Amino acid sequence: MEQIAFIFLSALTLACALGVVLAKNAVNGAMCLLLCLAGIAGLFVQLHAYLLAFILVLVYAGAVVALFLFIIMLLDMQGGQAWRFRPAQALAGFAAAALLVTGLDLIAIRGRLGGGPPVGQGAGSSLKLYAYQLFTAYLLPVQVMGFLLLVAMLGIILISRRISEADPSK
Amino acid sequence: MIAYFLGLPVMVQAVAKGLAVIVVLFPIAAACSMAERKVCAWIQCRPGPNRALPPLFGWIPGIGILQRLGVFHLMADGGKFLFKEEPLPDHVNKPYYVLAPVVAMVPAFTTVTVVPFGAYLGSGGAVVPLMLANVDVGILAVFAVASLGIYSLILAGWASNSKYAFLGGVRASAQLISYELSMTLAVLPVFLWVNEPGSAGSLSLARVVEFQSRPGFWGGSWFLFTMPVSALIFAVALFAETNRQPFDMPESEADLVGGFHTEYGAFKWSLFFVAEYANMIVGSAVFALLFLGGWNLLPWLPLADLLERLHHATGSALWLHPLVAGLVSVAIFAGKIFLTIFVFMWVRWTVPRFRYDQVMKLGWQKLLPLSIANLIAYTVGIYFLQQ
Amino acid sequence: MNVPLDPLLISVAAPLAVAVAIALGLPKRWAVKLAYAGFAVPALVAIDVWWRFASAAKEVHGYAFLTNYSTGLDRLGIGLKLGLNGISLPLFVLAGLVGFAAGLYAIQSKAERMKTYLLLLLVMQAGLMGTFASVNVFFFYFFHELALIPTFIMVGIWGGRDRSYAAMMMTVYLTLGAMLSLVGLIAIYVKTGATSFDLMILRDALASRPLGEVTQTHIFGLLLFGFGILVSLWPFHSWAPLGYGAAPSSAAMLHAGVLKKFGLYGLLQIALPLLPFGAAQWSHSLAVVAGVGNVLAIGLVTMAQRDLKQMVGYSSVMHMGYAFLGIAAGSVLGAGGVVMLMVAHGFSVALLFLLSTTIYHRTHTFEMDQMGGLAQKAPVLAGLFVAATFASIGLPGFANFWGELPIFFALWNFSHGLTLVALTGTVVSAVYGLRAAARVFFGPESEAFARVAAVDPPADIAWSERLPAFVLVAALLFIGFWPKSFSDGINRALMGEPAAVVASR
Amino acid sequence: MTPSLDAYVMLSSALFAIGFLGVLVRRNTLVIFMCLELMLVAATLALVAFSRFNGTEDGDVFVFFILTVAAAEVAVGLAIIVALFRLRQTIQVDRLNSMRH
Amino acid sequence: MDFSTLRSLAAGNAWGSVWPELSLGCLALFLLVLETGLPRSMHARIPVVSIAGQLGILGVLLLNFDTPYRATFNGLLMLSPQGQLMRVFFLISSILVSLLARRSLPWQRVPRVEFHHIVLVVAAAMMLLVESRNFVMLFVALETVTVGLYILVSYYRSNPKTLEAGLKYLVMGALSSALLLFGIVLLYGVAGSPALSGRTLEAMQYGGLRGFLEANPDNFLAAAGIVLVLSGVAFKIGAFPFQIWIPDVYQGAPTPVTAFLAVASKAAGFIVLLVLVTEVFAPYDWLVGPVLTLMAAATILFGNLAALKQNNVKRLIGLSGVSHAGFILLAVVSVSREPMAVGAVYFYLYAYLIASFAVFGVMTVLAGPDDSEQELGDYAGLARESPFLAGVLACGLGSLAGIPPFAGFMAKLLVFVIAFKAGHFGLLGVAVAGVVVSVYYYFGWIRTAYFSDEAAISPKTAERARAGAGLTLGIALAALTLGSIVLGFYQGPLGNWLAGH
Amino acid sequence: MAVIPVERRSLTLVERTYFPQIMGAMKTTLKHLLGPADTMEYPEQRPAIPPGYRGVPTLVKDPHGREKCVSCQLCEFVCPPKAIRITPGSVPEGAGIDQVEKAPQAFDIDMLRCIYCGLCEEVCPEEAIFLQNQYSMSGYSRAEMVNHKDRLYELGGTLPDTHFKWDVKKAAEESAGEHH
């Protein structure tokens, strides 16, 4: 049962990931990304990380991809350009593909981690455990993250504000 | 019977639950649309739709009341949506155009699964919530899945390939994202209070109700009274999230014809319609659970107490039977939901529509700071309360 | 450690202090006055030190006046250690006197932006004094570069034709040389294992535990090419005539006269004693390159020059060939000759540069074809120039003689053929030197010069020019007549290790 | 029968590689961003799998930070893209070459 | 989980030990408070508050400089003398960036206070970054730095070049973060694997990972992780295959930000690399050594050769910065064989800071409103218009080129000595060639500033040159020049430190 | 006309939240919600038609059942939307109105065009056209919405006309000779 679900989810995820890369239209790409994320959320559930699955959906699917779609539409790139083959790109693509294949091969052949059963639940399954981790051992990064978000917010406001509104005297 | 159900394969269970949701929610949503028309009419001092009557049914005694209530209009509407010609405009992006209304249904119907809709008394008088899937992360799941609703609006707006629809979609998505923030922040104090140190931390909605059913002043009082600001913010954000008046900028007929669903008709349009009401129902349910004490009839009068008193008053042990208790709780809860939905409608026909900049300003410059301040205040307050 | 009275430190610090004062915005009148002091103090210190050297207390390796100042990197063996031995003393004196002469000449010259010019010259002077007074290899290199940078800038700003290109050429070539020699020095530092740049410690360490032969050969090669480029070893010489041709006279005097000796000094003071085997390995190739390349080929090129300043530039490249030959000869005699030649050449080439600029002020050209007959109008100038030419050829009575003679003797032991080549070179240098003197001062007046002279009648050499020239000529003659004043110290200093070189061969 | 850790690691590296490929070959900045997100998500998948199979908890906690950072990065990136689009009317990488001489 | 363990975990959060970072953060917030609280007319003073505050923190930090090695925040951070040194480093850079920004921002129609705010936050995050000894902390701090820099790079948003630079930096930065992240994940996963010996439960801690790597010195996945982490860091420092973003981003970014990127961001990257190489990846020297060696050689060569033909000064300084990265890498490569390399890296970074800021200071003063379009030709005749600026520029460039008596020489000397000691002769050869090439273009710049005819300078540039740097910035530039000269021959108390304690 | 600037009163804090206003509005709507409906259920209940109501234009006959219209076509002329079309014809023999020369052969009012302005009634010299109480006109086709003469008379019926115009005219005609 779990095996079947895994195969299904991973196939979905991979197919959609390829979709993101190959999609001609950016909207299709975004939708593929959405589905891919849904697949990963499903995998998270399989790994008993319910909390993370929901956070993933909330943050990524709910906000990030929506933002992508929003911007794609705002910039009206319906036509979109698929990747045409030009020498430089072909080279890059070839290199990347080769990297992909060799990397996967190597991990498959040499990266065996041993097929042991799961040892623990992982903190992602229990909200409480997760929160305790965040607010004790990792409190400092959480605080820093707050600053990061503040800075990002300020920056976004600054960058996207219309230029004519900027007060030169300020 | 429960045992039999639990004995079924998981997939069958899931399908059954899903079907149950659809079977229950769809008619309720449809009924709401009718209710809306009636409420609107009453507020405008009209009788509202009251004419439709299937042919040959006139002889049934008492059917006149149903007719006056417009019940058959509902059926007529449903039939019309089902059998009307499906227009598929030539200029639209077809796959997404068709997909959008379906997507709209998903979050509406998925969130229901984690919302408890009643409770029965288990062995030893313990209150067991009735819900389709009891997950630890309840409210998070609601928010997470509800946030997916935005895609239907964006897709509908974009795929329609019309500037009205597009503007509507853009407005809708921006509005949804903006108000989600204050909504989440408004709810946090509730869970802060519920998850006091030492308790098994949970974001489950049932636990919130359980907390509101506790004896004692703070426990027995509903969060509406202890956290009025949170409740207000949540309610306002709920209005915005469901695109209800006065926040229905995305579909404002005056300037955008119909917003994101301008190009839709017939059954596809009805799906949007149902989804909107389903969202409202879920939203009202969450509001009732969080702030109105869930299935408790009155503040400081938990369900268990109520049943106990009824038992003493009538002397009938029937009140303590799980099935009866469940029905009572479901009824109470449903009553609250309908009340809340009624308020939705009431507001809709009272308050005029905002301008879009006012919507954004309210969301970002008023509600967000307010909800943050509220969160901070309650954090401090709860800390001192628990000392 | 008597910090304030340490003469060596004062000789470095005084010009620097004046430079800093000028940089901070001293008014021009005061700047010029202070600059006199800035140039005079090193010269006085040099003479004073020379006077006291023979009687001064010597420490190991013949060093006197040793002082050590910590700069914070003692643990890495980097510290400002000042001192003089028999080899560095003559060069220290040379630096002081030529610097004084160049300074005097610069102050009276009517260069634009005089303050900056003086500032740079003062920095250069400080660097020169520091280079030869440093016992620590790090500071030896450091001061050299300190002196080198103003050269580039001065060529770039106050230079003549092609000054920008010349400055660029010089920079790249000299940086390459400096980097190579730096790597060589680092190699010595690391391989010795003494964790010190202190030359005395290095010598001690290597005396007890010499480096492997292969290592020595490699490191010496690095140093040879590095220093060689700095000294315009053929075929890396092309920057020199170009740079000198373009450089303002004071800069050319200081660079060609003193700073260029850095490379030779480095070879003598560092490479030879520390890497005797390496030196022996390289001596033959060095000798051939220097003899055939520098002396013969460049000598012939020099003969073909028509531009006076270029000619002086090339001649200085050629004379460096003798110095290389002396080093290649690998004997105390040769090395001593090299030191003497360095000093002598420093004075003479500085004098030549000074005089050619003086001539230029009268003829408004460096083209020798367009001169002639200046002797009638400027007899003193003519006399000085002839004296300088004689000195540069190496006639007895001038210091150069005592430089070239020991080299020839040493070379004879090394290789008869090269000695002949070297002697041919002397003839060549006599030819071009005398021909130049004849073209410029004697013979009929050329048309071009007549025209110039009509507009701006040339006067004889003025006192402001005469004074620095006299200083240089005096030094040349003094050493020419009393070589022992330096050679004793040189010999004592060289007695140690170069003897070992000979033994090892 | 549960899928093995190897399977998860393979999957996440494949996702990562696909994302990387996308970054290299696509010219549309928005798509490039999506591919970057794909790479980050691939990393989180591996983290969660490792956490579960190894019984270490740090990985799950790390996921939280990664998601937050990714969201912030995307937001900033999109802001820049929009601002740039206003000025240049394109977001194709090969047309953003005002600085090549 | 019971409460006592929680309390003990929380007790590890010694907030006092990160007081400089905290105070920088608070100062940053205070600026925002001032902006909202003060009337518009007073806003011009806020940067002064920022600079004064930073100077105050710097002063207190210098007074409390001595810190023993001490892990804090449950091992997330490690306080150390090196950490203190880098704190001072980042503070100095942020002060200088603020000073430059005060000069440069008024030419643009952009808000000013936020710039200073972000600079402060980024500086604090950089401090945390170099102190972190845990991959989670590392990642979070790194991302705070990068996100801040994304915004700073695209700050002059009315200029399409700036935005383009910001976008390129963002894409590249995010890509590098992803690589780094996946590397971390792989390492974490392998180190925690119960199937392997030496398995650690604290796989995110440097110490725990080190233990695992020592027990498994040839694990494939770990090696892959290390390579990915190294490439992620290489992006940040602009080492060879990952340097492609440098010229465009440096050119497009506002000049003060370019300085920040070139100096502080790069330094942070190097310290991270140094810490990783010495403290974590040491058992994998067989892998790290060759990778970094190749990288260093290619970086030096590429940086210098590419800089040769640049005409835009910011591109030039950017590419020359690439070559400097190569030189520092040279020291990092040697660190496994020669512990003194640590000191050399720090010294090099300081020398680079001093010299770069001098140059960037002059660039900022001369830049004017369109600051991504400064050509070498704009400097022609600078010496005549403003001898002071020309002098500062020349000293800065001299130091960058590594000529005595400037600090840059000392730095290069130390690096060479160390490389020689470690036996990297080939690299040393490359480095020497690099220095010679670099002298060519640095000197070319000086030549333009000093030896050209005055007619070439554009009237506007000339006007700005004559207007000078202003008092505060002037003092700062003079101090930098002085520092660069003094550090060139006198290291004083730093000396012992440099020599390896 | 003097312009008087009016200072707008600044809102109080409570007012700025708009709560009192919204609550007030809610109260109002609630009141209406609970109050009786103001509408009437039309087909069953009909409104009382006030006097002077302008309904559908109709033609009337006099109390003797005689056609009043003389086909003067003034109404056709005056009708703003040109809804009236009259085909005049001669008076059939024996209609009892011999004094009249013409009577409408056809009289059509297109109710899709009629705007119920009442000008036809106003202008009619014979008081033959009236806008009466009829307000509901419906039909399934355009043709049906054109009221022909029959229909017009059917709608109009006979009005209690007291001055019997035709009779007066006739009498006058008959007595005309007496005075001569």
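Note that the chains are named A, B, C, D, E and F in the order they appear, and that numbering of residues resets to 1 at the start of each chain.
Operating definition for what follows: a contact is a pair of C-beta atoms (placed from the backbone, for glycine too) under 8 Å apart; a residue touches a chain by one contact, two chains touch by 3 or more.
All of these numbers come straight from a predicted model, not from anything done at the bench.
**Q** Treat touching chains as neighbours and tell me the shortest step distance from subunit D to subunit F.
**A** Minimum step count, subunit D to subunit F: 3.
**Q** Spell out the chains that contact subunit A while also contacting subunit E.
**A** Expected: D.
**Q** If every chain is reduced to the average of its C-alpha atoms, which one ends up farthest from subunit A?
**A** F
**Q** Of all the chains shown, whose C-alpha centre falls nearest the centre of every protein C-alpha atom combined?
**A** The most central chain, going by mean C-alpha position, is E.
**Q** Compared with subunit E, which chain's mean CA position is the farthest off?
**A** Checked the centroid distances; the maximum from subunit E is F.
**Q** Going by the touch criterion at the top, tell me which pair is linked by more C-beta contacts: A-B or C-E.
**A** Ranking A-B and C-E by C-beta contacts puts C-E first.
**Q** What whole-Å value do you get for the distance between subunit A and subunit C if each is reduced to the mean of its CA atoms?
**A** 69
**Q** Can you work out the whole-Å distance between the CA centroids of subunit B and subunit F?
**A** Each chain's C-alpha centroid was found; their separation is 53 Å.
**Q** Rounded to a whole Å, what is the gap between the Cα centroids of subunit A and subunit D?
**A** Here subunit A and subunit D have centroids separated by 5 Å.
**Q** Let me have the rounded angstrom distance from the C-alpha centre of subunit B over to the C-alpha centre of subunit D, please.
**A** 35
**Q** Multi-chain contacts in subunit E: which residues touch at least two other chains?
**A** 136, 140, 143, 147, 150-151, 154, 157-158, 163, 166, 189, 193-194, 221
**Q** Taking each residue of subunit F in turn, which ones touch at least two of the other chains?
**A** Counting only residues that touch two or more other chains, subunit F contributes none.
**Q** For subunit C, give me the residues that contact two or more of the other chains.
**A** Correct list: empty.
**Q** Touch graph across the chains, line, ring, star, complete or other?
**A** Other.
**Q** Can you name every chain pair that touches?
**A** Result for touching pairs of chains: A-B, A-D, A-E, B-F, C-E, D-E.
**Q** Give every residue of subunit F touching subunit B within the complex, in rising order.
**A** Residue positions touching the partner: 22, 25-26, 28-30, 32-39, 41.
**Q** Quick check: in the complex, which residue numbers of subunit D touch subunit E?
**A** For this pair, the touching residues of subunit D are 5, 9, 12-13, 16, 19-20, 23, 29, 32-33, 36, 39-40, 42-43, 46-47, 49-50, 53-56, 58-59, 61-62, 65-66, 69, 72-73, 76-77, 80-81, 83-84, 87-88, 96, 98-101.
**Q** Using the touch definition up top, name the residues of subunit E that touch subunit A in the complex.
**A** Residues 1, 6, 9-10, 12-13, 18, 25, 28, 40, 43, 73-74, 76-77, 109-112, 114, 117-118, 121-122, 124-125, 128, 136-137, 140-141, 143-144, 147-148, 150-151, 154-155, 157-158, 163, 166, 189-190, 193-196, 220-221, 224.
**Q** Going by the contact rule set out above, which residues of subunit E touch subunit C in the complex?
**A** For this pair, the touching residues of subunit E are 383, 387, 391, 394, 398, 403-405, 409, 413-414, 416-417, 420-421, 428, 432, 435-436, 439-440, 443-444, 446-447, 450-451, 488-496, 498-499.
**Q** Touching subunit F in the complex: which residues of subunit B?
**A** Within the complex, subunit B contacts subunit F at residues 39, 41-47, 346-347, 349-351.
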